[in-house]
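Two complexes are shown next, each including subunit A; its partner changes from subunit B in the first to subunit C in the second.
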Partner chain A sequence: MSDIETKIREEAKRALESGDVSLVIGWGAGSVPFKTTPIFIDKPEDAEKLVWNPACVNNLAVYLPKMASDKKIGIVAKPCDIRSIIALIQEKQVKRENLHIIGLGCGGVVDAGDLDNADFHLQDVTGLEWVADGLNVITTSGDHVIECGACLRDMCIICEKREPAIFDAKFGEAVEPQEGEVCALPELPDDRRKFWSEQFSKCIRCYACRQICPNCYCESCFADRIEPKWTAKKATPEESWMFHATRAMHLAGRCIGCGECERVCPVNIPIMQLEIEMAKIAKERYGYEPGDPDEEAPLLGQFKDADHDPGHHGG
Partner chain B sequence: MSKVISQDKISDFLNSLMAKYTVVAPMPRHDAPAEFRELKSGDQPIIDGSSPMMPPKDFFLPRYEVLVNVQMGKDGVKLDSPIPEAKPRVLLGAWLPDLQGIQVLDRVFLDKKFTDPYYAARRENTILVAVMPAKLRWSWFCSATDDVEGWKNSVDAIMYDLGDKFYIEPTSDKGNVITEGSFLTDASDADSAAKDAIWDNFKTATKLPMSDERLYEKLAWENPIWGEIAEKCIACGICSYSCPSCSCFDIQDETCGSCVERYRCRDTCQFEEFTLMGHGYNPRDNQLPRVRQRLLHKFKYQHEQFGVVGCTGCGRCVELCPVNVDIRDVLMRTCSVENQETPAES
Partner chain C sequence: MSEETKTIESEIEEIKQPKEWQPAILGILCNWCSYAGADLAGSARLHYPESIRIVRVPCSGRVDPMFVLKGFQKGFDAVMVLGCHPGDCHYAKGNYYARRRIAMLQDLLETLGVPRERFHFEWVSASEGNRFAELMTEMTERIKKIGPFDGVTP
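Take a look at the complex of A and B:
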């Protein structure tokens, strides 16, 4: 058990015992040793069930709008998860005073289901741990070390913010970024159109990308509306293109880049590439980064005289 | 009669089948699970079952299918129901639990009182060939859901991956057609023994450490597990859409000027809109009844209604669930030995 894991448990136990919070959301052991699962702790003695390991992928902020609406709760959060929390606070979906944030320094996490390779069988895995030169996959047939660049999620490889921006308790230190290959988009517009057309034709419209996203909290999503029908439910390439393009626009200047949508996609659509492009535009034109604690309002909820205005300034 | 075919003869095997049938098999995709497609000449499908793949149900119940076209013109209104052509097909490379899943679809769509003509046209004339991979997927739990011995009758043939060759075992008369051809040779005793070992491993390794009692006897409407799952469930459609036997659909109408298209597309009991009534009332208004519905439907209602269990243990929902809801936990916890009453001493 890691030192940080012990501290998370102690802090959760203390917060529950003192009555500071009535619930703590964190990660618990998964059904298999290479996964974790969200758990909701309401008894101090159950704080022992909390874990912190390389498979703590879920951004638990997705549960906050419902669970923290009327009571103060604790949440164990990585730096990206905390940026989601900040975005939710700015968009008035959750109150800061209703949260006790147990923040963690981070070096990235792995979607361990993707680790199935020729060296070992996933059913033989008994644990995962970080070691000096990468991820150590402990199996019944011995240890297998995988370089970070080959096992971290894409968003973890390119992540630049590895320290919690806000917190009530903080454990662990950030780990320096690692080199690794990430999805690259074609350069030319026609090639990009072809690329996305192929990607969206894979979509089965399970809406896992939307459901896992902390920022997709709309009570009624445009994609579910029948009258007016913005996009049809049928999983054709055109309709799926409409769904993903509209969702990307709705998250423009709001997506904090946790990459959960991409992780959960059952057909591996590189959804984050759309959001990365949006974030780039928001930063270049408005100097705005979603999830920044110094901003009081979301990008589209504020106006400054110096804002980029193509119409007014002639382009 | 059982035959073997060596790996280097597979292209001959595919070509000879393609001369007579439309062959459907999993095609690899860049960075995504393989997808069942109609093979074109020169295609190299994954027929050894080694790769993750979406289930083949799209070939019987497409993700999207037009049921009725309505065209309004000067001569009045024309209606057209585009029933697909029942062309002879061979489905290759599907896992046995996937094809057992089609047994469930059959009972929904080929009901004697009402046969779905769209499904029936696709289902008729399709020869189902299952593959038994050399390496079982970690998430399979087939033997925990049913006695898999009976599943052999749900397919027309089974291909066992023996490494350098496949052992082809027809399990119906229809299945004999895939054992024709000079590139196939008679199976030796050693081949038969190797095949039996794969089958025995499948039967035993996909069991779960739980009592032999079936879930349909144990699963209750009131069960604390529903609340536990519902708390973390994010209400996406991955479990249903990746399931080889989930069959629920939506029917929608779309207008385009002077025409109307009535189509059927996937839907799932996990979505809020699934049970939302026109007047605004929703009998399943939170995630708990939705989660309960999916599992009771699979393990209890379908067994009561059809005599088959709606889950075949293919493990896709186990692997893909974004929040690690593991259906195997439901089985094990509900049927755990500790949960059962101690038998009275005799």
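Take a look at the complex of A and C:
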């Protein structure tokens, strides 16, 4: 992995020195060894601060609509982050020519909270690295290898696209998907409503899911509107239902499935379940996959004459 | 054949009796086809249950999925969206956009556990006054059978 890290640093340094880009967005070391933080590099010598390890979870595309509007910038991106970038290009939030994409082959990333297991304490962790049979957690008391299925984020377990779709420089190889499943929804409508009711009653309406989402770039969000008031600010299950249902609808056919919303949720609402279902249907029914570089518009911004017709009941 | 004589007491007694439960159905209708169809049903004096509350919109393409979600959140027992048949849109292609959007909305509602029977999407043209009246009767019967909606977060 360190080999790839070096190449990322060299590429960022080269791009900054040559004046190709004025800024590179990437991951830097976090405050603890099992976390990383987004960093913004504008001096070639600072390229040394960039890191690439199993804890590089943040989808950095979230910064692009604001930062790449008037200048060319570099971004270090995993395949899912690149799908976000493609979606932003399709929706005209950022121009391809304003981006220098340093793409990475990926094997999934790790949510630090899930690392807490019986063999070691998080405070003893000094580093993370991928090894042949899983994740190697380096601690002060020795190395511990954890199976991928037990440490990868849910979205990484089911991810099927581990090669960058577009890039200007590419490092690292994709790792084959793991076998695994994410939590399933109850079958019956009444049970589903109760399930979501319990989930949404936890919501504190912090809007972290919205803030972290690269596709939630609206300057004026429906949730902040006072007139018309689509959803009240109070965190009742009903109002939170309205917020999450609307957000899911706004992302239908646009969400590329990076799972950032679920990761940042302080009360662990399985927000991605809604989007996973919507993505499944978009693929089955319309053959549409968000973040596909061959698509010109989002799913709901286009139509075909022969589309599935829910309004035709044979009457 | 003597009709029962009505007195003020019998009238009061009748009003006091609980009436049969009627569902509240939100209908979002396109101005050019479905609303005109509803109008035709009215001018032709066709009978249909009064359970529907109509909101008129310029086009089914104007139907923001939030209208439907809001309807359910506010406790409607069912929501209907009616628009022009494909090919008949006053704005040429509004209903084609609506078709995809509404289809995705149907699936979102299902994922959220709102029963499929409670949301209905159909094409009704300006000449289909009969169809409109039939549809209202069918829908009302259907919702009466499954009973009141216990809310989006029971």
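Quick note on the criterion: the second predicted complex is superposed on the first by the 309 of 315 C-alpha atoms of A that agree within 3 Å, B and C clash if a C-alpha of one lies under 4 Å from a C-alpha of the other, contacts with A are read in each partner's own complex, and residues count from 1 in each chain.
We take it that a residue touches a chain if its C-beta (ideal position, glycine included) is under 8 Å from a C-beta of that chain, and two chains touch if they have at least 3 such contacts.
What you see is a predicted model; the values in this text were computed from it and never measured.
Using the contact criterion defined above for the overlaid structures, shared-chain residue A:277 touches subunit C, although it does not reach subunit B. With both structures placed on the common chain, the touch criterion links A:35 to subunit B but leaves subunit C unconnected. Of the two partner chains placed by the overlay, only subunit C lies in contact with A:195; subunit B stays clear of it.
Once chain A of one complex is fitted onto chain A of the other, the partner contacts of A:266 are limited to subunit B, with no touch recorded for subunit C.
When the two complexes are overlaid on their common chain A, residue A:246 makes contact with subunit C while staying clear of subunit B.
In the superposition on chain A, A:238 makes contact with subunit C only, not with subunit B.
When both complexes are overlaid on chain A, the residue A:204 reaches subunit B alone and has no touch with subunit C.
Once the two complexes are overlaid on the shared chain, A:286 sits against subunit C while remaining clear of subunit B. Overlaid on A, the two complexes show subunit B and subunit C touching no common residue of subunit A. Across the interface of their complex, subunit B is touched by residues 30-32, 35-40, 58, 62, 113, 116, 121-123, 202, 204-208, 210-212, 224, 226, 229, 232-236, 260, 263-264, 266-268 of subunit A. In the complex of the two chains, the subunit C residues touching subunit A come out as 65-66, 69-70, 73, 83, 86, 93, 96-97, 99-108, 110-116, 121-123, 131, 135, 150-154. Interface of subunit B with subunit A (complex): residues 29, 31-33, 35, 54, 63-64, 135, 138, 231-232, 234-238, 240-242, 250, 252, 254, 263, 265-268, 271-273, 318-320, 322-326, 328-329. Listed in rising order, the residues of subunit A touching subunit C in the complex are 185-186, 188-197, 200-201, 222, 230, 237-238, 241-242, 245-246, 248-249, 252-253, 273-274, 277-278, 281-282, 285-286, 299-300, 303, 305, 307-313, 315.
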